[in-house]
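By written order: A, B, C, D, E, F, G, H, I and J. Residues from 1 in each chain.
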């Protein structure tokens, strides 16, 4: 089941540099693990923004929430969730 | 080059039924042709809305505009365009 | 899987009275059938508005969209969908 | 009498960990006590957000305000209140 | 129980003059009857607007909705409802 | 001359407890004095909010501003002012 | 007593040309009469808009409402009212 | 050439009292000097707000920007600029 | 003197085809004449929108308003005006 | 390929003066280098704002993002990006 998620990131200026670096490293590993497992189907950077647009493929709302609330950057993100489904005009098998 | 596009559709009530059917048939053919040619990379329906979220892969802004302004439903759509790029954490080859 | 849905209704003034009555009767039957089948878990009127707040319990986003886009009043509604899940402090069995 | 309440939580980063844990424990106990007494009829988590949607069943506006302003997390919440009533199409006895 | 209600009125230009006059006369009688019965506690015009701010004193949300949805001008109004209660600093007996 | 005023209060977390208590006590005395003198005609709490809705009866805009800018909580308030007048359907003598 | 008023005008396309011309002529005469009497202190066009910014000098809210609701273009205007007063740094006698 | 400017002021709580007093004194002198020179044609306080509405008469956009960015309170202001011109119904010589 | 102007166009569906074609032809000629005379310095299409972003170089606000209100499409446009000036970091002679 | 970019700057009050001066100097050099290379085609100051409107001419979205995210002031900017293309009525060669 697909969800469209936008994540806008605002890291506070007073976050210590090491803590910041640690969070970003964990965020990247967390994201790439979910991408490999097929849960995080797409991720794109938004031009000119510290933000991304992502597509998640999860079993249900609860799994989506577990993934999002577990993001190392979650406390610093403004997140918007939109439930998606197959479009009647879609021809790609994986747009489902 | 990737663009995120949302299309919200509002078809006027007084559009004659045949004209409406014709436009929708042409819209579907137009979309599927662009999907086959790889220009319209993804299209998803938004749950509960007469709307879609799409990803386009075009050469430049001009090609994107030609495609969008040529949509049979263009006069009845509210469109928002967001330029995307590869995210530094992306692992899929085709998220570019 | 639970979804929070708000529906704001605006019926055009020029809709013929009989057509309006027919749509409202079909809307009521449609809603009550889904309530009986457990898909439409809750429905409340918003005080002072021609609007409702509802909770749906469906298998996935696609089933939710089928239900909402099939509403007889769908062309006259402004709909907002929010995915829900069990709250960690919930004690009722059916808040899931 | 039913009210729809949304609560968005933003806990300041500089709240000491112990104070934060205490508030969250008291919040949970407070909520569950009201749920057991039938005042807090439903509570759901919003997917991807530190937020909930709740339904309260109270005697009047004053009781609702007492409950909400007494929430241990009240100083950290953005709250929206919507008065509800039984929908004419409702079939469940407890949607009142 | 008190509610703050704002009503913004937009009467369509094509409403026949006689129908318009009838609705306005019924609206005035409807409002004044409720004022006499103590349900419609206050009504003020907003300067420069075809709008009013009102205070209602009703038994519950359902009675408020019955009153508002019964307004002859209801189909032409944009209504906002805010539940009120006695302020801890209030000294007037009837601000309750 | 009547004015509708909404006041939303946000007291900073780092305001010392004694200073906070002093301000709140002065605010209450200030409000009750103006209520007794008939300047602050009504004050109601908004359910679920640290906010009030008030009606002021003053000689002119300057007097209203003097009163509002003199509120002990003024630096912590978000204030909105709407000029009111007697509604043509009003029957109460004091809705003027 | 001074009020800042913005007026945005939208004249419907289907207003007959003669009716439109009559309304505009009456609007101009109405405005200039009030300017001569000192009630309508200033009026400026907003660049690029069919809109104006005006300053009114009236006795009270009721007089302001009488003037605004009597504008021949009132049914076609979106009006916003802001109460003003003398600024403590003002040096002009007539900024009061 | 006339410009309509609104200035909303938010002075941070932690600004030292002396620095605050100095800035306010310089702001007043700066404003009154420009009023005397005819550049700052009008200034009014907005009732209930730490804000003003002003009319500037300058040679061009650059002069307007020099004046506004030189305001001692500029770092603490939220400013909105609207270009104005003579209204075709204006009768005052100085509404130009 | 430079102004940034955005123009969003919405042509009504019921505008006769010939009238529409005439207006568009006049709009193009009007725009190109002003471009040749250096008044309309830049015009760009916004991707995916029936809209443009333009830069005007005019003597004052009045000339800008004359140009904009004279646009054949003016009745069908939503226009936003922003006054610009030379940026201190600009190096191009004609960014003034 | 052209992009319209607005940048609103908010420099925190507690940024040390030397760090602020360094960032501003680097920002100016960065911008002027890109202007000389033809990437940053235009930059204008917005009157009354610490903000600019710019036109970028880049190869693709990725290059635009590299440029914007590399701005020394990027952490203190609110940026909005709009993709542009040649307008069918444009006559200037360099509006492409």
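Odds and ends about this structure:
The working rule: a contact is a pair of C-beta atoms (placed from the backbone, for glycine too) under 8 Å apart; a residue touches a chain by one contact, two chains touch by 3 or more.
Just so you know, these numbers come straight off a predicted model, no measurement behind them.
The fewest steps needed to get from chain C to chain G, moving only between touching chains, is 2. In summary, the chains found to touch both chain F and chain H are G.
Between the chain pairs C-D and B-C, more C-beta pairs are in contact across C-D.
Using the mean of the Cα atoms as each chain's centre, the chain most removed from chain D is I.
Note: centroid distance chain H to chain J, computed from Cα atoms, is 28 Å.
Per-chain Cα centroids separate chain D from chain H by 45 Å. Each of residues 2-3, 45, 47-48, 61-62, 64-65, 81-86 in chain H touches at least two other chains. You'll find the chains touch as A-B, A-C, A-D, A-J, B-C, B-I, B-J, C-D, C-E, D-E, D-F, E-F, E-G, F-G, F-H, G-H, G-I, H-I, H-J, I-J. Across the complex, chain C meets chain A through its residues 1-3, 60-62, 64-65, 81, 83-86. The touching residues of chain G, when paired with chain H in their complex, are 2, 4, 27-28, 31-32, 35-36, 42-48, 52-53, 55, 82-92, 95. Across the complex, chain I meets chain B through its residues 13, 45, 47-50. Looking at the complex, you find that chain A touches chain D at residues 3, 5, 12, 61-62, 64-65, 68-69, 75, 79-81.
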